[in-house]
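Take a look at the structure below.
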Amino acid sequence: MAEIGIGIIGGGYMGKAHAVAMSAVGAVFNTALRPRLEMVAASSDASAARYAQAFGFARSTGDWKQLVEDPAVEAVVIASPPETHLEITRAAAAAGKPVFCEKPLGASIADAQEMVGVVEAAGLVNMIGFNYIRTPAARFARQLIADGVIGDLTWFRGEHTEDFYADPQEPATWRAHGAANGCMGDLAPHMINAALALIGPIGSVMAEIETVHESRGGVAVTNDDQGQIMCRFANGVMGHMFFSRTATGRKMGYLYEVTGTKGAIRFNQEDQNSIWLYKAEGPEAERGFRQILTGPAHPDYEPFCLGPGHGTGYQDQIIIEARDFLAAIEAGKSLWPSFRDGLDVSQVVEAARRSSAERIWTQVETRQRQGSTRS
Amino acid sequence: MAEIGIGIIGGGYMGKAHAVAMSAVGAVFNTALRPRLEMVAASSDASAARYAQAFGFARSTGDWKQLVEDPAVEAVVIASPPETHLEITRAAAAAGKPVFCEKPLGASIADAQEMVGVVEAAGLVNMIGFNYIRTPAARFARQLIADGVIGDLTWFRGEHTEDFYADPQEPATWRAHGAANGCMGDLAPHMINAALALIGPIGSVMAEIETVHESRGGVAVTNDDQGQIMCRFANGVMGHMFFSRTATGRKMGYLYEVTGTKGAIRFNQEDQNSIWLYKAEGPEAERGFRQILTGPAHPDYEPFCLGPGHGTGYQDQIIIEARDFLAAIEAGKSLWPSFRDGLDVSQVVEAARRSSAERIWTQVETRQRQGSTRS
Amino acid sequence: MAEIGIGIIGGGYMGKAHAVAMSAVGAVFNTALRPRLEMVAASSDASAARYAQAFGFARSTGDWKQLVEDPAVEAVVIASPPETHLEITRAAAAAGKPVFCEKPLGASIADAQEMVGVVEAAGLVNMIGFNYIRTPAARFARQLIADGVIGDLTWFRGEHTEDFYADPQEPATWRAHGAANGCMGDLAPHMINAALALIGPIGSVMAEIETVHESRGGVAVTNDDQGQIMCRFANGVMGHMFFSRTATGRKMGYLYEVTGTKGAIRFNQEDQNSIWLYKAEGPEAERGFRQILTGPAHPDYEPFCLGPGHGTGYQDQIIIEARDFLAAIEAGKSLWPSFRDGLDVSQVVEAARRSSAERIWTQVETRQRQGSTRS
Amino acid sequence: MAEIGIGIIGGGYMGKAHAVAMSAVGAVFNTALRPRLEMVAASSDASAARYAQAFGFARSTGDWKQLVEDPAVEAVVIASPPETHLEITRAAAAAGKPVFCEKPLGASIADAQEMVGVVEAAGLVNMIGFNYIRTPAARFARQLIADGVIGDLTWFRGEHTEDFYADPQEPATWRAHGAANGCMGDLAPHMINAALALIGPIGSVMAEIETVHESRGGVAVTNDDQGQIMCRFANGVMGHMFFSRTATGRKMGYLYEVTGTKGAIRFNQEDQNSIWLYKAEGPEAERGFRQILTGPAHPDYEPFCLGPGHGTGYQDQIIIEARDFLAAIEAGKSLWPSFRDGLDVSQVVEAARRSSAERIWTQVETRQRQGSTRS
């Protein structure tokens, strides 16, 4: 059991989540590598010091470069705004340190592509943070599909919908500007990643993206509020996805339905401990969607609780990510989802943007690659 | 209280439903006109006689022309296959008799257009049978939207999904052939009609339609299994619809979600006595979708039962249709939805077919008309 | 196909329901006997005339005795207040006419006992109106249990809860007085009947009954608002029932859960077209309660609709009752549930009242009889 | 920010849960005291060493007395079998160390009483582990009730049902013996504690407790499988509770319904991130139970996640317990629920056992005390 010094860049929403996860992951999963909260970086020395105190880091810095270069920091978690991802990745590569990056991969498709190039050229262990796909329910869904339990796939529908920007009176904060902060940059990647993981590579898309509230408090909104994609997967399956930050009433509407010739699966992250399965077998009179509560019989559940139906939560998803990141570091080999998997997602977003602008069906680039490291 | 002689053409699924509805509607709604089951027509004298005996008609015939021309038949219900709709309508017009026609309006867009022309030229009271929009829940949803309870609309999603053809081993019956019998002809009209009623006219569509199981028992399937439509309503709202007869696990997946700036509505016909409403008001901690059980406080419920939550069913929708058809006859004026409303639906289906074939966004014709008789 | 003249006493809630049912049942079930709405009786000539006009009866009377004695009335439906049930039954017996009586059987246990004696002495076809047990879901639940699908029974929980009297500001109408109008007289019989039908005779009860709002508008309430029963069925199963008319938020909370060694069943009348089944079989990871939508595969559904998940409603339950009453008349033999079955229910209510008053476990009388005509 | 050395006795189900919680609680809640995993005790040196390695304790011991007496252990968590609780408590008192004890408080009511005496005499900070009442939803439910949102309470129904012993083929392990390991000892305390927290002290109970499967694999089962309690709270509210370990299909059926004159609350731990609220206000047509997803607007949620509907899980409940235990230590004053609160629960269990044996309504002792430290 060896310790590993962790440096986290960013102490907000995701920075804290990763700090908690790194504190708990060893006890939960009995990991070979045990994280030590070595340093946290933030936009100022003072805020970094506050984060260090709150989360239990040994040290802090207002300059992320110091964190990356610090010899006691042996792995870097990027939880800072998208526009910083590329430069931090370059520095991590220069320092030869494993890197975990929150989604979206970069602030732009060009950034994302370069980030993949950088980590692959440097042979760096790398991972991207799509946490919702980490639940026991999600892994079980993937397993059911892979095992053919629902037969040949015929339809996929996914959503990532929230309502934090549904009220037109909400002001134009940083959320209102920058492609990476819009709905397609911020929410869509999660569900696109789920689609790739559940169904496989996407061949082409037909999208429509729009800004529902074009002005907030007199300030023009310069990114998108919602978008939809009709898609055709490489395996021929037809699908649809919808993303929105103005979906009044939806709090964590990360949901999908997968239909096959022998059954179907439904999932909604708002009840992340249930997965609904229909099997077209047995007497017609006894057929119906069953609500399966996750439990020790499902992947990655038992380390959190021995009792079925007792439930895992948001924070546990991040702990599972931490487990995989540590395992990848120990093995010296990236695990799914890597930066390249994140780029696959970005390529779909990019194709959707082009499709919406040109109003035509659009091929997704590099689709041969999509999902290639699916576990 | 005057009697009216009813003639029903067709004694199958919908023919029986209308016969039961005509038997019950007077007692339920205390209608001014009281139906008398005068005659039923079927494909043979023998089957028609069986239907007459079973459903309680006074007389029967194997020739629908006799029914239309019979002086004791004062109103005609068309519940025969789509390819017969036009000719029967012509005969009813010639006889000057009110006509109720099951959806889809005709076997083709041309038939549908001609049917509208015929009834309008003849000044005939006419109605088309979109029954699912008749539930107390559906009428309440329309009222909530019209009253602005959920604010300005921002998104619509609808589905009509069933699984009667999900099993690839199901044989190629009449269902496998003829545009009117495919998913876009048979299921899509219901949900498109709901979209027009709830949101308003559709301006343009981008569709993809496909045959999932191209061969059944060695026989080529010549119509479609599922289809999806991205649409833009005339009022600017973005929407999506999905239709499928191969949606494993779905039995009556006629469902929709309407999102507005102040709230949202969800409905699923599989639980037709509930409507889910979210209102973005009151303390954040107390907000959530509420499950409203239909009751006497909702439109058209009380005549069926004085107790809330006691529930109406499929047959009751047909009784409500019968009430409106009788009221239209009495008033001498068509009520929503008329043949022209049915044509509006057919125009959307037609535009979707063209869009799917040409793979481009396609304008819906005559959209000025859509929904114009919305009640 | 022979006609039968129906006389209905009472034109309110249940009187109308039976009038509609008698109008529709022939067409729905192709019954051998076809009802003719011959006469309706109400508390005055005028109100009876109004009911006759509204519901389509040929004649009306302000004196129910005339109705019972009228030669064209061949079967009597009692939908008048409980205190009239006994006397009407006596008159029907004197006239030798089949009788259908709404629950509760009589205004008191003594009345109920005498009613059974009267109809049995007269050899009259008789039936009591427990409509909620008539749904396709309820009959399917009984079948699952009888077939051993959920194994040996270990637990039963039932509720009949509504909220029409939850608001303390509701005035003291007829509902506030008379044992038969209280919660134990009005609501409890439905669920007790379900318990007997699903599980079998009840041996003993331990009950607590109370008046939640003892005064309404300054008037003392003289009957009960809610009650609970712990019970032991004759077959050894432990159970519990709760009844309330002050259950804020419950509209039609007629719900039950039956647990067995191999599975479990859940049902809630507020979604009467679903039944939830859990089977302790197959991989642990795939187990869960499944929501089965009623359809043609379930008892008595297909006559109402050929499509699964399309749903039956409250009125359809009354139509199913009418079907059985007509069949009993034709066969000359009472079908479940007869007056005696209604008395079994009354005996449980009576035992519960005694138990609550004396605060001790109390044997149910004549339990040998309970459920003996279970179909 | 001061460190505190934690010693945990027991490394199984709950021992691990507390180890993880103590690892994470500082980062989650920014606690003043920061736990250091100092020592774990188990039944042997070897197993304790394995736990220490897995969970990250500095040291381990096969003798819990060493742990209690170790100077670096500053607080003791008891997660060992119930029969050890009393002796460990005595030792902790002798050493003057704060103690957290898993439920049930002791192996018997006598043990529980003595444990309270010991900690109170020693002035020890003490806490008992009722974790399910710690969810954001549970605290919100208590707040809604306290704030009068649902008016005057009229009914309470609670369940704690699981199915781990539903299969009669399950062998007679330790679970089959010992009152503390039976359903009333193991499951009932959680829901009784919830009842006391939500409604208040219980005055009297009428219970029935039984062993469903009296023999397992030829071995007699000597404790109970399920039990039910009718109860009367001190404030006059009527209630019912059911507990079972043979409730086929239930995985974490810790659920309750609280009815009041102005509203009602429903909760089911199987979906711990939802709470259902009905308010009898606004238009009748818009009333219904609303599903509120927990979020930052609810107690104790935000430290786990900034996004509503993202969900907390089982492990997070234990982290919240740890937060309160640390706060109590820092303040030098026990917080709810203390050992005395645990004794209140045990008194209800004891009264239920007597009631079931004697088949009479039974007073709960010391009810004046119940819930007195309710937060």
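Worth a mention:
Per-chain residue numbering starts at 1, and chain names A, B, C and D are given in the order in which the chains are listed.
Keep in mind that, in the parts below, a contact is a pair of C-beta atoms (placed from the backbone, for glycine too) under 8 Å apart; a residue touches a chain by one contact, two chains touch by 3 or more.
The structure displayed is predicted, hence computed values, not measured ones.
Of all chains, the one whose CA centroid is most distant from that of subunit A is C. C-beta contact counts were set side by side for A-B and B-C; B-C has more. Remark: subunit A and subunit C have CA centroids separated by 54 Å (rounded to whole angstrom).
Computed centre separation for the pair subunit B/subunit C is 34 angstrom, with centres defined by C-alpha atoms.
Mean C-alpha positions place subunit A and subunit B at a centre distance of 42 Å. Residue positions of subunit C with contacts to 2 or more other chains are 250, 274, 278, 287-289, 293, 295. On the subunit C side of its complex with subunit A, the touching residues are 140, 149, 274, 276-279, 283-293, 295, 297-298. Only residues 150-151, 154-155, 157, 163, 166-168, 206, 208, 210, 212, 226, 228, 230, 232, 238, 240, 242, 244, 246-250, 259-264, 278, 280, 287-289, 359-361 of subunit C touch subunit D when the two sit together in their complex. Residues 1, 13, 16-17, 19-20, 23-24, 26-28, 30, 34, 37, 53-56, 162, 164, 250-253, 269-274, 293, 295, 304-316 of subunit C are the ones that touch subunit B when the two sit in their complex.
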